[in-house]
Structure formats: structure tokens, C-alpha cells
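The two complexes that follow have chain A in common; it is paired with chain B in the first and with chain C in the second.
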Partner chain A sequence: MDSAVVSDILIGGVLRGGMYVLMAMGLSLVFGVMKIPNFAHGEFYMIGAYLCYFSVAVWGLPAPVAIIVAALGAFMIGAIIERITFYPLRKRSQGNWILNSFLVTAGLSFVLQNLAQGWLGVTFRGVPQLWGGTLAIGGMHISMDRVMAFGIAMSTVTVFWLFLKKTKTGSAIRAVSEHETGAKLMGINLNTIHTLTFALSCMLAAIAGAALLSIIPASPFMGLQPLYKSWFVVILVGLGNIEAVIIGGFMVGIIEMVASYNFGAGFQDVISLSIIILVLLFKPSGLFGKKLKV
Partner chain B sequence: MIIKPNSSTGFIDALTKKLNIIGLSPLSLSLFILLGLSPGLIQDEYVMHMLVVCLLFGTLAMGFDLSAGFIGVANWGYGALMGLGAYTSALLVVKLGFTPWISIFAGALMAALLGLIIGLLTLRMEGMFAAILAWFVGLVLMALCAALVPLTRGALGLNVPLFFDTGWAKQYAYVMFFICLATFIVLRLITKSNLGLAFNALGQDVEAARTSGVNPMKYKVINFTISCFIAGLCGGFYAHFIGILTPDIMSTKKTVEILVIAYIGGRGSIWGPLLAAFMIIPAFEYLNFLMEYKFVIYGVLLIAVMIFYPSGISGLWNSLISLITNKLSRKEKV
Partner chain C sequence: MLKLNSVDAGYGKLGVLRNISLNVNKGEFVALVGPNGVGKTTSLRTISGLIKPSKGEITFMDQRIDGKPVQNITKLGISFVTDDGCLFSGMTVHENLLLGAYIINDKDKVKKLLKEVLELFPRLAERKTQTVGTLSGGERKMVAIARGLMSDPKLMLVDEPSLGLAPILVLAVFESLKELTKRGVTVLLVEQNVNTTLKIVDRGYVIEQGEIVLEGSSKDLRENEHIKKSYLGIE
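Our next item is the complex of A and B:
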């Protein structure tokens, strides 16, 4: 491989990885704090894409506002969903929480996908461009939309990271993920933290969906791909390990680019699966399992 | 107060004991007899077709319940394993000229083998890992089926020879009834045996089971493999019943449909999912005009059952029985 190809793969992988980081972070957060294996995460990505589409193409808002609309909209929808499903489930739960909550998310995903299909139809709704223009890095021209999507992903991750580390609410979320009873004894309101965590996770997914709208148009079943990619990242680095997701996301992005360069795009899923199997065989707790826990 | 045993209760007791050996109760036996006779009674082809589909999904849901209800693994790739069984069986018939009667077992073994591998890889850990790996494997299988056009004809659909020369559902109903009955008896026997005891113990508390000398890995893998075998077998039947296969059969949607039936039926009962299939499938067939919103109702049902009544129909029945026996015993005391 000459250097042009290497830089091609690296840039492509990093751009792709940035979105995986954003998606997987929400997934990991919800598992770390609430112990919910969320299978409806992709549907919030879809909600984000749709909200962004309607903001830009129907209501004529500028792109930055559209992304904020998508983020806030998904935050609210996430909070409402948490209140009407996981909150009563938690109140009534008698053990088997992980399995039951998993099935609730499966139901949610089914409901949201089919609602979208019934309501909006199967048409792909995209916009030709959100920002426009191209950017030249080294002899490569990258569309501005990709660069901006990456920039949005990275700044969101950074802001979110600062929120978790520096603010009181962020510390409360981390405390709950460490030890629920302990956090409760310190006077943290678990219900609020759970709702907030779920809503934030939905918001992260929606930002990813919204930022990529011009590259991947909105459609009812668009959530599957990002869902499965983010699960891949989360299992690769270890469940509930929020910090390591940042490394994992980029790793997966680059692995996929290498795989599709060497074996063709059809085989990148087969390669991903083989890697997951190797990880499960030799280090089931994930590459960074337990070491870097937030 | 001593109740004198009269001849009729004595007979019923004896019968119950005999039936228990093969995993049936008088109630389930009579329902099965009714079910076995029904293909002879039903005149309408549409109803007959529905009967076959109910039996098929009931059997699938029973198999699903074996791992979901006993060891707490909601096999998220169940639909894909069913599809693997279907494609294996179909390809053996189409490419190698096997008879469907043998190839469906080959398909089932194939699904069981894949289940065994997935189980060996993941069942050391939390049940969720098995669910997720099965899902990944299923997605890859589905992509492969769609991509290997020369072999599977991809989305165009693979034409599969049927079991019989005719497409009329009556004969298929007998075949599926037999598969369903056999599955029911085998699963009831397994869950009542020591094996079932081990499964139950593992489902409740893995650590406690391990301390009592139950090897979690061994029993979980056995359980998962049997469940996948049933999925493959039903898949094979599906292939030679419907006559055309598309990769769509492996989609997560199929899994969710089966899962909803299994959970509404009640986990860990085996009979609950079978009963639920006969309630849910006709009801949803009736709701077909709702299109996508039908699946919304599916999802809402699943969420509602999980939150408000996780033990499903079988749980409802059990609490009803215990309520009645409590009332009766109280009366006797008075």
C-alpha cells in the first residue's frame, strides 16, 4: 500500500469512526448507568435524521438550527419514553432486569420503526447538502458535509465528556453507574438521573443521525446499521466502559475501511463478526474491560 | 375430612400419571386430540392455512421459550437460525436432489450446530452476549444469503419443491401437527427431567446452581442447541410448505414476531407460547388491513406484557389455579 492509500483509509476510517463514537457512547452510557441493553438506539438516530430533514427541507431552517432541533427533540422524546416504559418497569421489576429491559427496547424499536413507516412511508428523505463545499486535505478532496459531521461528532463528544467530568449532574451520573445504592445514599435522585441519562443517550444518537442526513437519507429502517455498529464498538471495548468507546469507535472505523479496501465492501461485516468472535473467545470482557471504567 | 376415592377419580388419577410420563395432562391431551382432528373438520382452505401457520409459530415459540424461559437467553438470531434451517434444507433438495423428509433434519442439524458454536462462545457470560452474537451471526447470514445470488438467488427468491405434489394445506397440517406434538412432548419431558431442573436452577441463580454441582456451561449449551434445532426444523418445514425463500425470512422482524408470541404465552411453561400462537396469529391476521400499524401493536403488546405482566398467559393461569385451590382448601377447613 502506498502512502496515498494509507492516508485515504486513515481519513475515511477516522471520519466514519467519529460517528461510531457518538452512537456507541450513548449506548454504553445507558448500559453503564441503567443496565439497559438498548436495542432501540438506532431508532433515535432515525428520529434525529427525520427531525433534521423536516427542519431543513420543510420548515426551511438553517443547518445548525436543524441539528439543535433534532437534538432537543430526541432528548424530549427520549425522556418521555423513559418515563412511560422504563420507569414503571423499574418500579415493578422483580429480578431479570437486563432481559426484561432488553425486550422492552426491542418492542420500542419495533414500535418506532413501524410508526415511522406507517406515518411517513418508505421513501428516503434526504437533503443534497447541509453545508456544501469541499475541503482539501493533502491531495484529497473531502466533502464539507463529512468534515462538519465529524466536527459535530467530536465537539459533541467533548462537550459531553466535560459535562460528565466537570458538572455536578455529570458526577451524579457517574456515581450511579459505579454504585446505585451508594449514589442513592448520597442523596442522588435515581429517577431523575435515569431519565436524564436515557434522554441524553437519545440525544447523542439523534445528533449523529442529523449530522449525517446529507450522506445517509432518513428512512424508517435506517437505524439497524448504526445500531449494530455501535453494539460492535461497545462489545469490542467492554460493556459499560464509556471512555474506551472513543478509542473503540475509531478502531472500528479504520478496521472497516481496511476490510472494505482489501476484501470489498460486502465482506466488512464478515470481518467485523470474526473480530467479535475472537474478542469473545479471548477477552470476553472486551479489550479494555473493567480497566478504564468511568 | 377424608375424600373417598371413587372409581372415576381413580381412573383419572391413573390416566394422569400415565400421561405425565409422556409429558401431557388430560387437558393438554384433549386439546391436542381436538387439534389433531381439526384438519379433517376444517373445510375452508384459508382457515386450514392459518392452522398450519399457528402450529408452525407455536412450535417456534415453544423452542424459543426453552432458552428464553429457562436459562434467560432471548435468542435474538432465532429467525436467522430458522432461515438457516430453511435454506439448508431447500438447497439440499434443489441442488443435491434430497427428499424434503430427510433434508429438513439436515437443516435442523445445521441450525443446531451453529447454535452450539454460538453457545460455546458466549454462554459463559451474561445471557445478553448470546443474544447479541446470535443477532450478529444472523445479520451476516442474511447478508450472505442476499449476496450469494448464484446459490440462493438472493432477493429474487429460491423456489423450493414442496413436501407433497399438492399445495393444499391439509396434508401439511398433519405434518406440522406431528412436529408440534413431538416438540411439545420432548420439551415437556426435558423440562420435567433432571435436565429441566438444571435449566430452572440456572435461570434463577447461576452461582447457586454452580454450588449445587450444576455445570452452567454444559446445561446452557445443551439448552441453547436444542432450541436452535427446533428453529431449524421449523425453518425446513416452512421452506417446503411456502415453496419460496427470500433472505427476508432471517430478518429481526421474524424473531420479534416469535418473541412476542413466546412472551405473551408466558416464559418457562412451554404450553403458554403454543396457546398464545393460536390466539395472536389469527388476531393479527384479522388486523392485516392496518399494515405497519399492526407491528406497532405487536411492539406495544410486548412492552405492556414486559412491564405489567411478565409471566404472561401461563402465569395468569397458574395464579388462577392457585386462587381456586386456596379457596377450596379454605372451604374444607371451615
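Our next item is the complex of A and C:
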């Protein structure tokens, strides 16, 4: 493999991996804190893409503002959805929680997809560019939209990581994921943390959808692909391990690029999933996972 | 300061506590002792709000707290140190201690409290950046008690601090609890180790089969024939 190909794979893998990190981080957060396997996560990516589209193409807002609109809009929608679905479920019963909450997310996914289809139709809605131009890296010319999407993803992940590690609220979120009873005894309001966590997770997915709008236009069923990729990453590194998602996202991105180069684009999912299955055979909790109390 | 009046509580249909009445005055060091499985831990869980009583009243500083959410009871000034600590094992000692002060918004006060607990437990100062999951049993107990102090509580509920500890560490933990009362913190302690407990507390209640069967000063309880025979092994 010559150096140009290696650069191509590395750069492509890193750019792709950065988006996977952003998507998977939200999914891992919701599972780690709320113990919800969220199969509606891709729909918030879709919501982000649509909000960005309307902000740019209909309301004429500049790209940075459009991304913020997408983030805040998804945050609020996520908070409302949490309060009307998981909050009453938690109050009613925590028995069979993982199965019940999974079923709720599956239902939520259908509802959101069909609402989008019914309201906005199946036509793809995209924009030709958000930023414009290209950037020369290692002899390659990469579209500025891809580079900016990566930059937005990495900035968001960094800010989010700092929020979790350095702020009082971030510590409270981590405490709830570690020990709910302990968190309650510290005076932490679990319901507030759960709503905040879900809203943040939706926001992270929406930022990914918004940042990639010029590359992947908005459509009602666009969330399936990012959902699967997020699950690949989360399962590979271990459910609920938020920090390891950073490594996992880049791993999946690079594995896909290597597979795509060697076997063709159609095989990238086959190869990455085969590797994940092999990892799980030897380490069922994931590469960096720990046994989860359920 | 704390008053339980005819409290019944349990787990679903399983009733554990029956007609429990006790009180703890400000500045006292009071113990609730008894054998395994009689409702000692259930009593503390009920006071802290983790369990709702099915009957009776619990008042703290003249305010009813039975039925209130756990976090609200914590904000009123009750700190509960459970037998397993409920520690955040993946977080450092420092992070655990700071979370103990979650309800305090004054950063200077948090710094002052942190300084005080690290003076009380100097070993924790050495382990500040260590993950709690890597500490020994005794060190974890210290983190649990230190974290309980970080909310600057008016009342500390401490559940079986001697459980799983070597005798020398048991003494050290009990002495640190005694030190707390000298600093003005009121403590309600639950213990199976009746012998050591009655040497350091001011007053005690004995609970058997979910009911209070005896109460009195620690001196009176040590001299009680039933206590001497059943718990101290003195015929």
C-alpha cells in the first residue's frame, strides 16, 4: 500500500470516525446513565438535519447559527419526549426496564419517522454547501464541508467531555450512571438528570445530522444508518463507556475505510461487523467494557 | 431534632418496622443496636426517605419529612452513610467528596469543608486522585463518612460502619464519629457491634424483630441484664 493510499484511508477514516464519535457518544450516555438502549437515536440525527435545512434554506440563517438552532431544537424536543415517555414509565415501574424502554424507543422511532414523512414528505432536502471550498491535506483536496463537520464534531465532543468532567452538573450525571441511590443521597434530583441526559444525547445526534447536511440531505428515514453505526461503536467498546467511544468511533471509521479500499464500499459494514463479532466472542463486555448491573 | 412516632415501614408487603418511636436530640450520639435482620438499616432508610413509612410520622427540626423525596431530605440537613457507602467507584476520592457537597453552592464553604474532612481523615488526602474502586475496605469507609460530612449535615445517619473492618480500623472509625459529635454534628448510628458501640455513644435503643424493646443511656444499657446476656456474652 503506498503512502498516498495510506493517507487517503487515514484521513477518510478519521473524518468519518469523528462523526461516529459524536453520534455514539449520545447513545452511550443514555445507556450509561438511564439504562435505555435508544433505538430512536437516529431520528434525532434526522431532526438535526431538518432543523439545519430549514434554518439555512428557508430562513436564510448562516451555517453556524443553523447548527446552533439544530442543537437547541433537538435539546428541547428531547427534553419534552423524555418527560412524556420515560418519566411516566420510570414512575410506573422499573421492572424489565431495559426491554420496556427499548420498546418505547422502537415505537418512538416509528412515530418520528412517520411524522416527518407525513409532514415533510419523502423528498430529500439538502443544501449544496454549508461552508464551501476545499482544503489541501497530504496531497488530497477535501471538501471544506467535511472538514468543518469533523471540526464541529470534535469541538462538540471536547466541550461535552469537559462538561462531564469539570462541571458540577456533569459530575452529577456521572454519579447517577455509577450509583443512583448514592446520587439521590447526595441531593441530586434523578428526574432532572435523566431529562437533561436524554436532551443532551439528542442534541449531540442533531449536531451530527446538521453538520453533515450538505453531504447527506435530510429525509425521514435517514436516521437508520447513523443509528447502526452508533451501535457498532458502542457495542465494540462496551455499553455505557462514554470515554471509550472516542477510541471506538475512530476505530470503526478507519476499519470501514480499509475494508472499503480492499473489498469495495459494499463490504465495509460486513468487515466492521465481523470484527466486532470476533471481539465480542473473546470479550463480551466490549473492548473497554465492564459488567453492567441491570 | 429527629423524632419518629409510631412508624411502620417495610419492603412492599413485607413489613419490617412496627410502631417505632425514637428521638435524637441536637448534639447527641445515639445508637440503634440489635442483631442481624431486625430492621436497623430499614430504620435509617426510612428516615432518609429511601423507604416511605406505611404508618406514623417522622419529624426533623419540627418539620415532617416522611414521604418527602430523598434529595429534599438531604437538603434539609440529613446525611446518610450506608453500610456499603453507595460510593461512585469509577470516580476519584476527590470527586466523591465534592459530590458530597452537591447541595452547597458556596464554593468557599465547599473548600473549607474539604479541608476539614481531609484533616479528619489524612489518609484520604494522600489518596485524593485515586479511583475509589481501588481503595481498601477501611479507606472506602473513610470516604463514605467523609463524603457524608461534606454536605455540612445537622444529622448524620451511619449504618454499620464497622462491617467488614479489622478491629483496629473499627476503633479508628468509631473515634472519628465521636470526634464529629464534639464538632457539633448529631449522629444516629446503627450497629451490630454492641460492645464497642455502647462504650462511645450517649444513648441507645435496642431493636428486636422490628420493635424497640429497650432504650436508655449507654451506661444503663451496658448494665441491663438482657443486654449483658444477649449481646455482651456476660452471664
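The working rule: the second predicted complex is superposed on the first by the 289 of 294 C-alpha atoms of A that agree within 3 Å, B and C clash if a C-alpha of one lies under 4 Å from a C-alpha of the other, contacts with A are read in each partner's own complex, and residues count from 1 in each chain.
What we mean here is this: a residue touches a chain if its C-beta (ideal position, glycine included) is under 8 Å from a C-beta of that chain, and two chains touch if they have at least 3 such contacts.
Only a predicted model underlies this, so the values are computations on that prediction, with no experimental measurement involved.
Of the two partner chains, neither chain B nor chain C is touched by A:Ile137. In the superposition on chain A, A:Ala4 contacts neither chain B nor chain C.
By the touch criterion defined above, A:Ile80 lies against neither chain B nor chain C after alignment on the C-alpha atoms of chain A.
When both complexes are overlaid on chain A, the residue A:Gly107 reaches chain B alone and has no touch with chain C.
Comparing chain C and chain B on the residues of chain A they touch gives the larger count to B.
Contact with chain C, but none with chain B, is seen for A:Gly182 once the two complexes are overlaid on the shared chain. Of the two partner chains, chain C is the only one touched by A:Arg174; chain B is not. By the touch criterion given at the top, residues 37, 39, 85, 88-89, 92, 94, 96, 98-100, 102-104, 106-115, 117-118, 224, 228, 231-232, 235, 266, 269-270, 272-273, 276-277, 280-281, 284 of chain A touch chain B in their complex. Looking at the complex, you find that chain C touches chain A at residues 48, 50, 69-71, 74-75, 79-80, 82, 85-91, 95, 98-100, 102-103, 147, 151.
Those residues of chain B that touch chain A in the shared complex are 68, 72, 74, 76, 121-122, 124-129, 131-133, 135-137, 139-140, 143-144, 147, 252-253, 256, 259-260, 263, 291-296, 298-303, 306-308, 310. Touching chain C in their complex are the following residues of chain A: 168, 171-172, 174-175, 178-179, 181-190.
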